[in-house]
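Have a look at this one.
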Amino acid sequence: MDAQTLIAQRIAQELRDGMLVNLGIGIPTLVANFVPKGMHVFFQSENGLIGTGPVADPGMALPWLTDAGGKPVTALPGASTFDSAMSFGLIRGGHLDLTVLGGLQVDQHGRLANWMVPGKMVPGMGGAMDLVAGAKRVIVAMQHTAKGRPKIVRECSLPLTSDRPVDLVVTELAVIGFPHGRATLLETMDGVTVEEVVAATEGDLVISPELSEPTLPKATSKAAAMTSIGEPL
Amino acid sequence: MKTISLQDAAAMIPAGATLMVGGFMGVGTPEPLVDELVRQQKGDLTVIANDTAAPGIGIGKLITAKLLRRVIVSHIGLNPETQKQMLAGDLQVDLVPQGTLAERIRAGGFGLGGILTATGVGTIAAEGKQTVAVDGRDYLLEPALRADFALVHAFIADYLGNLGYVLTARNFNPLMAMAAETVVVQAENIVPVGVIAPDHVMTPAPVVDYLIAKG
Amino acid sequence: MDAQTLIAQRIAQELRDGMLVNLGIGIPTLVANFVPKGMHVFFQSENGLIGTGPVADPGMALPWLTDAGGKPVTALPGASTFDSAMSFGLIRGGHLDLTVLGGLQVDQHGRLANWMVPGKMVPGMGGAMDLVAGAKRVIVAMQHTAKGRPKIVRECSLPLTSDRPVDLVVTELAVIGFPHGRATLLETMDGVTVEEVVAATEGDLVISPELSEPTLPKATSKAAAMTSIGEPL
Amino acid sequence: MKTISLQDAAAMIPAGATLMVGGFMGVGTPEPLVDELVRQQKGDLTVIANDTAAPGIGIGKLITAKLLRRVIVSHIGLNPETQKQMLAGDLQVDLVPQGTLAERIRAGGFGLGGILTATGVGTIAAEGKQTVAVDGRDYLLEPALRADFALVHAFIADYLGNLGYVLTARNFNPLMAMAAETVVVQAENIVPVGVIAPDHVMTPAPVVDYLIAKG
């Protein structure tokens, strides 16, 4: 299984019936492919749609029914549309149960940077700042490292998306949460050792005592006791 | 509400004007009006919009034609030309979080001085902005936005100017229709009065100034 | 012609084609009866309707189509409905061209008190404060005096509705405006003398030099020169 | 969204709760739910609503039954019983300008800390409130409002909880449906999923917690 699929599948296990969910572009979009059977999840597209369906069949696309990237999609029965103020009212007002976003960096307290690389890439924050500030739960889907360098870092060198910590980071190596504001290894992916995760992670990483009971069937438990790796916070 | 030709609608807009332009990645942008602005070479414009679309699409055409002095948008990532002009110093780009942008435009149209949002607190988006505490939580004070003209795309308009939007082409259009001195509408379909049910009117007629007549 | 009809007819002359107008209860409501022929005016009901029509015929009333007093009305072709935030967005955002309201007192600078009598009548301000603060033009329709006492006063003894001055006060005696923040007699009603108006008015009253050219055909012009009656401001 | 019986819906609301109740002079108030609250004698309630209607109508029934401790409303003029209880000191009445009330509720539901409005500046409605200047103009900072429960009246609801309102029965209902921890809906008509067009949904299903099943 490739890294992206692995990450998306694991995140899909966080879905619950009736949730309103917003998926960012890239790996997050793939999460929609792994909704458990029989579960009804509302997917919001921040350009003003709840009930986003798959891409339209050839010849059936409507130019006025698109995803946030402007690509034609379909709408499921029970869909609803609204203006941009309402769309972000849903996001900012605590109605959005979960957002899944890509990440450039996450600091050891869970703060995300994912919207710009000064001097290089300035696409604009789009809806990212609202999503992180407003969603009930924020999950970051990203590769654990980029060009061999950790993306979970002591301190973000890139501009933050929000000062509100994310809830979970899911990579091809591990699932990391931020209880009490401290990066905590909750699960390792199948065949990955704690040491490998620690080596690929910058800053402090607490090892959860519950690591022995991973929620992902294929994930491997590696440590039994709460252990702090690296310098204390 | 008056009807106006496409040509006269664009002619009415002076160089240097501030425009709100509906649309999200070009979806729900009044494309013929954009084309006519390019044809008439209206320059030095400021555009308030969600994004700068992509080259050849919606606001992207204004970018490529170098008609813009400044954009106030949430996203420019899919238009390399915007980035190029920005880096060259030819275009001022003010980036605003999308939800904040929507509310600032709404505030301008709804007579509110501004809004208090937690979005952007603790980030560079907060730089230079007033922070206001309400019930112990910090919010940024984001001031209202207004424009000289709103260029609005509607799916349906009646002879009075009542408007309806379709699916994801709604986006910023109804907000902008409230927030400009002069509101110009390009509608896909123009219908007699009474055809749109009162409950389905999304922008009431009295706020619309001009409806572009079919060519 | 009774006082109320006289006032309503005069105010109706301020209507212009395409205006969005909100009428308060009482005398203001009567203005709708005198819209000039061929003129299209949008009447807003602040409970969420533009295009309010007359009362429904017997047996045709719908309980969910009412005026701001909760009474069943009809809707004209081209009507639109909306929620209360939108309704007051139209009012506060400068989209409402004209509001006509009743008044308890208006001070010599044009500031209106019309929503409460402390210790006696506390109905709540409803939409009055938003209407006066937000409408492009505010006209007060009221009797010139109450129990023999002037309602245009030096200073309101009742709580203000807004610190924004109204544009015009129309009574059964006169039409008074507030150019440069000073109560100014613009017109007298048919058969009314300037002296009568002055006697029934408290505070300073400037006599407009244009009083000789009343806009109401039946109104009588009484003074030709700008004269300030009462103490200087 | 779950379906619930009228009786269970009222039973779920504890004495002392803060309720937002849709309606304007009783029009668009979920009347059966009000009746059931009276039957179950739920007391010590705080109600946020446009008005207290009139005796025998909507919120007026809660007033007459003396179930309310406090109301936050814009108007009480057509309910003499409200005035009587207020003067007797049995009922706290907080009067809020109607447009400000609507925006404060909206702010609560849209995740804004509050709004800046010129309404009430220079009047007793400004007493004790923070004034904020934006571009040289003074505005009152009016904080957001939220409630434990929103009691919403809809004209049409589908099985998922998508809602539509009718004509002037819309008023505060869609705003309140966004602004409470638990949203309970009484709909005149319940229809299968897909019957309401996406563009005609006024409150999207995910914000609705309970839909009262037909008796």
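A, B, C and D label the chains in the order they appear, each numbered from 1.
Note that in this section a contact is a pair of C-beta atoms (placed from the backbone, for glycine too) under 8 Å apart; a residue touches a chain by one contact, two chains touch by 3 or more.
Note that the structure is a prediction, hence the values are computed from the model and not measured.
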Partner chains shared by chain C and chain D (touch criterion as defined above): B
Farthest-lying chain, centroid of Cα atoms versus that of chain A: C
Between B-C and A-B, the pair joined by more C-beta contacts: A-B
Geometric centre distance via CA averages, chain D-chain B, whole Å: 32
Between chain A and chain D, centroid-to-centroid distance (C-alpha), Å: 35
In chain B, residues with contacts to at least two other chains: 103, 106, 110-112, 117-118, 165-167, 170, 198-199
Residues of chain A engaged with two or more neighbouring chains: 49, 75, 81-82, 85, 88-89, 91-92, 134
Those chain pairs that satisfy the touch definition: A-B, A-D, B-C, B-D, C-D
Chain D residues within the chain A interface of the complex: 1, 106, 108-112, 158-160, 162, 178-179, 193-194, 198-199, 201, 204-207
Footprint of chain B on chain D - complex, ascending: 103, 107, 110-118, 130, 132, 134-135, 137, 139, 141, 143-144, 164-167, 170, 198-200
Chain A contact footprint on chain B (complex, rising order): 24-28, 50-51, 53-54, 57, 73-78, 83, 86, 93, 95, 97-103, 105-106, 117-125, 155, 165-175, 202
In the complex, chain A residues that touch chain D: 18-20, 42, 49-51, 75, 77-82, 85, 88-95, 97, 134
Interface residues, chain C side, partner chain D - complex: 45-49, 62-66, 68-70, 75, 81-85, 87-89, 91-92, 121-130, 133-134, 159-164
